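Right, one structure below, let's go through it.
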Amino acid sequence: MDFQAVVDQVHQEVTPHIGEGKVADYIPELATVDPKQFGFAVATVDGTVHSAGDVRTPFAIESISKVFALALVLGKKDSGIWDRVHREPSGTPFNSLIQLELEQGIPRNPYINPGAIVVTDQLLTDSGDALAAMRALLRAETGDAELDVDSVTAASEARTGDRNRALAYLMASFGNMRNRVDDSLDHYFRQCSLAITCEQLAKAGLLVARHGVRADGGQLMEREDARHIIALMTTCGTYDAAGEFAYRIGLPCKSGVGGGILAVMPDQCAIAAWGPGLDVHGNSVTGAMALESFVRATGDTVF
Amino acid sequence: MDFQAVVDQVHQEVTPHIGEGKVADYIPELATVDPKQFGFAVATVDGTVHSAGDVRTPFAIESISKVFALALVLGKKDSGIWDRVHREPSGTPFNSLIQLELEQGIPRNPYINPGAIVVTDQLLTDSGDALAAMRALLRAETGDAELDVDSVTAASEARTGDRNRALAYLMASFGNMRNRVDDSLDHYFRQCSLAITCEQLAKAGLLVARHGVRADGGQLMEREDARHIIALMTTCGTYDAAGEFAYRIGLPCKSGVGGGILAVMPDQCAIAAWGPGLDVHGNSVTGAMALESFVRATGDTVF
Amino acid sequence: MDFQAVVDQVHQEVTPHIGEGKVADYIPELATVDPKQFGFAVATVDGTVHSAGDVRTPFAIESISKVFALALVLGKKDSGIWDRVHREPSGTPFNSLIQLELEQGIPRNPYINPGAIVVTDQLLTDSGDALAAMRALLRAETGDAELDVDSVTAASEARTGDRNRALAYLMASFGNMRNRVDDSLDHYFRQCSLAITCEQLAKAGLLVARHGVRADGGQLMEREDARHIIALMTTCGTYDAAGEFAYRIGLPCKSGVGGGILAVMPDQCAIAAWGPGLDVHGNSVTGAMALESFVRATGDTVF
Amino acid sequence: MDFQAVVDQVHQEVTPHIGEGKVADYIPELATVDPKQFGFAVATVDGTVHSAGDVRTPFAIESISKVFALALVLGKKDSGIWDRVHREPSGTPFNSLIQLELEQGIPRNPYINPGAIVVTDQLLTDSGDALAAMRALLRAETGDAELDVDSVTAASEARTGDRNRALAYLMASFGNMRNRVDDSLDHYFRQCSLAITCEQLAKAGLLVARHGVRADGGQLMEREDARHIIALMTTCGTYDAAGEFAYRIGLPCKSGVGGGILAVMPDQCAIAAWGPGLDVHGNSVTGAMALESFVRATGDTVF
């Protein structure tokens, strides 16, 4: 398939809509991002990248980091992570405490906030430095040794992180935190503030599309575990809109409130779309459009 | 692939577990089924069927009928069904009223009870006789002109259907029923009581695996709509265990409390597993085991 | 105390607000009531009635009937009613199904809809004719042998009663209905449609204020049971605003969506206020005002 | 009335049950309390105290402190506290986050944990030192200048306070905390750890029974505000058992997990009962028994 042609077509179709949606404002730093940006990149499993638009502008990775945190934890055998987090869609917004209380401090899945906090808490225990572990992974997969936390965003996350503190303390009250809440949240806030570009995100996503095979040919996790990550992207990757994404787009996706969406077509390619304007569920408006356009052009989904 | 060898291996692996789980008892008639039965059948898109075990014993189709009801409604253009039911996982048991009340009478998806009741209500409006429409479809796809409702099961469903009546009246109170509640539920109860065998279910499932192409080569619905059905099976097909099924099995599935599970590998095959004993979520224990075993043998999932 | 002076002062204070609030519209017949009406009546335990305003205009008793239904059921020893309904405030709107599902079909208290349906269902079992039993009681206490159901309102209730049907079938699914759902609801809808005037309601309320002593000197229920009825009016009598009523008014009250409110000052008097316009919780706006004004004038509450 | 005779009778009736219930164990220090203790004291509005049992043994005041915190806040005009907390029963356990999230960080009432945290946060703002303000009040009302925090209990509260931290941060995320969460919680934990005896609690409770009149004759708050405090004790004072307490006992009560219960008969007396063993709702088993026995003996309730 001529992926560059597809990418260009996607770019063209989305262009009239650039700027649509509402930039996240609950983290003040994110609210300062220019909404009139859009990037789209496809990395095929052989490592080739095709892209169009603002694909070298860094943005906050936010919840897409949850995929890589889970990969790192699953890469270590016997982490026991599945005793601490379930694998079901939640049916509620990403930061809701309701289900977490009813289900005794065990989050529904690793892609809603409480689940991701548990995964980072586990990674902190496993690695001694959760943020360093993830940064090292992303640097290796993207080939960019400078990739790092945007410290202004991280400070903004920490300042406005009371809802995440409530989630973490609720889990702590049920005995589901291994480290001090403040420590785990510090790693979590910084992990969410990693600055990445659209091209880099597509490259890093190959880790998932290749079922655990790294850029250097090493195996981060077992093929089985990568399938689990992809399955969870499908059922839980886009907040309380996962069903809608499966329906409309048909590719496993993980979104972030920084406006990025990572999608994969297993054994074929990783796709990264970025547009800062979000819909009511917290998913990028132009990002979702781009993925719909991509699927229309290739005629291919996992279904 | 030698599907018969795979089927035989699945049968062998599951055999020691036949009888596990708990036969549904909330519908008295289902409780009388002998739990020591198991069947497994795979129909490839060319129409060939491979099977092993109790594959010609009829059982109640129950919630698997929801797939075919949705297919019939989507086959009619402009049914407006998506204004009446959402497409998200529910995060709650299949017969819960809680979310339905909070979301103003619009069910979360067509595969939980209230969603399926809405679909049947729509099919009744569209066709004039919802049960007849579904029976005709299943007769055509299976080639069995005798396939019919088990009237004892249907009577048992109706006698014990108070929870479904509560769901339907709650939707009626929000204006989301088109026909008299009693009429739509009568069709719904009978549709759930259609008796089907494992081999027949696999054959009928080809309608989905072939993206809408019928046994006679006709197109029941658009390829796009079939994809939607498959996406919904993945995110919502197995009650409040859809995430777990995606994780463990990786195939789009729809289960029923009669003990059947229908799975599809798009463009390749439809798979039917049957064992009456259920787990706590209402999914067949040996059916789920068989699908895990099948995926292990073929090495293939949608992820 | 010069109650007539107090009643006149209340009437004068409320007069500028007559017509405020929103007439109930979910039962079409109630929506036709002229909002510009107001009545206020106080009956002292010796049987004297003081009143002002539209105190001889009949209105639908609606949920205030729940007090008299409970009195009749408690009047029969060993009804077992407290195994079928709890005695706690609900924290949710009067017609919510959520808590009812979570608490397995046992309603929170006898003054929310599902609780009242259970009480009427019990009264139907105990008496053979729940409506006749209540009508006879109200006729005796008011001395009006013509007091009866407004059949237009009753028909309107039945036509729009789907939410109540959902509640009743949900309870039936948990085994908490003794009669056919349709039969119990028929009595419930007609009981709510009994037409009563403000003066009559104050007189009937003496049954409660006198702790079970009837107009003819007989004892309908034990003093202890009357105290229970009053306690429940305080904690649960005004839908999800019982705390606010206790706070603002300080008298045990029971309201109805017909615009009536019955309050009691134990061992002293029964107070009836009526104004058709409701607030967001379903309580009469001018009725609540009148009770606040009354308490200000007498300087007396149960607290 | 011969209150000493009543008190002795209550003591005698409860004696066979001393030790029943389960000592609170979620705060480790509370779990060390000897369950075989019981005290009962009645203070009449003239200041006389009648008592029997372990009435001079200090215990942790816990949630009963919420009454005095609210009194102090209401004593200051225009605190704006009712913009920050509602006045309705919650229908859920005292430490639940569910309703708090659904209702946007505004707690249901000042007597559940989140409501009490808001009140203490307000008192900290109003007074500069919430703990000092409450300690000074209790010292003055009881005449015990040594009354103070049990520092071991306070440390235990702080160490196990994750659920309260979750509640406070959830409110902070909705903008409903005025001070740093850690600061307000520090005052809250110490306030709950004030050690008080049964006799002292009855004396301090006179502040409420006398509608705001202090031991020295001064007026802490307006009569109206004291009525509000009593109304809230009736509808919300005993966790998710307030309806049951109103029903069984008929007196406004506030309980604490230290095993104390304060009840008032307005304008007559304040009653303090103490027994460390709790029921499933967190209310003292022998304390509730004692109040039932007291009401039986006096024949008097607010209803």
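Chains here go by letter, A, B, C and D, matching the order in which they are written, and residues are numbered from 1 within each.
Keep in mind that, in the parts below, a contact is a pair of C-beta atoms (placed from the backbone, for glycine too) under 8 Å apart; a residue touches a chain by one contact, two chains touch by 3 or more.
The structure displayed is predicted, hence computed values, not measured ones.
K.L.:
Note down the smallest number of touching-chain steps it takes to go from chain B to chain D.
P.N.:
The distance in steps between these two chains is 2.
K.L.:
Show me the overlap between the contact partners of chain B and those of chain C.
P.N.:
Of all the chains present, none is in contact with both chain B and chain C.
K.L.:
Distance from the CA centroid of chain C to that of chain D, rounded to the nearest Å?
P.N.:
Chain centroid spacing, chain C to chain D, equals 32 Å.
K.L.:
Counting in whole Å, what is the centre-to-centre distance of chain A and chain C, each centre being its mean C-alpha position?
P.N.:
55
K.L.:
Return the distance between the CA-based centres of chain A and chain D, expressed in whole Å.
P.N.:
Roughly 47 Å separates the two chain centres.
K.L.:
Would you give the residues of chain A that are in contact with at least 2 other chains, written as numbers and ranges?
P.N.:
Residues of chain A never touch two or more of the other chains.
K.L.:
Could you please specify the touching residues of chain C with respect to chain B in the complex?
P.N.:
96-98, 101-102, 162-163, 165-170, 172-173, 181
K.L.:
If we count contacts the way the header does, which residues on chain B are in touch with chain A in the complex?
P.N.:
So the residues of chain B touching chain A come out as 86-92, 99, 108-109, 227-228, 230-232, 234-236, 240-244, 246-247, 250, 252, 266, 301-303.
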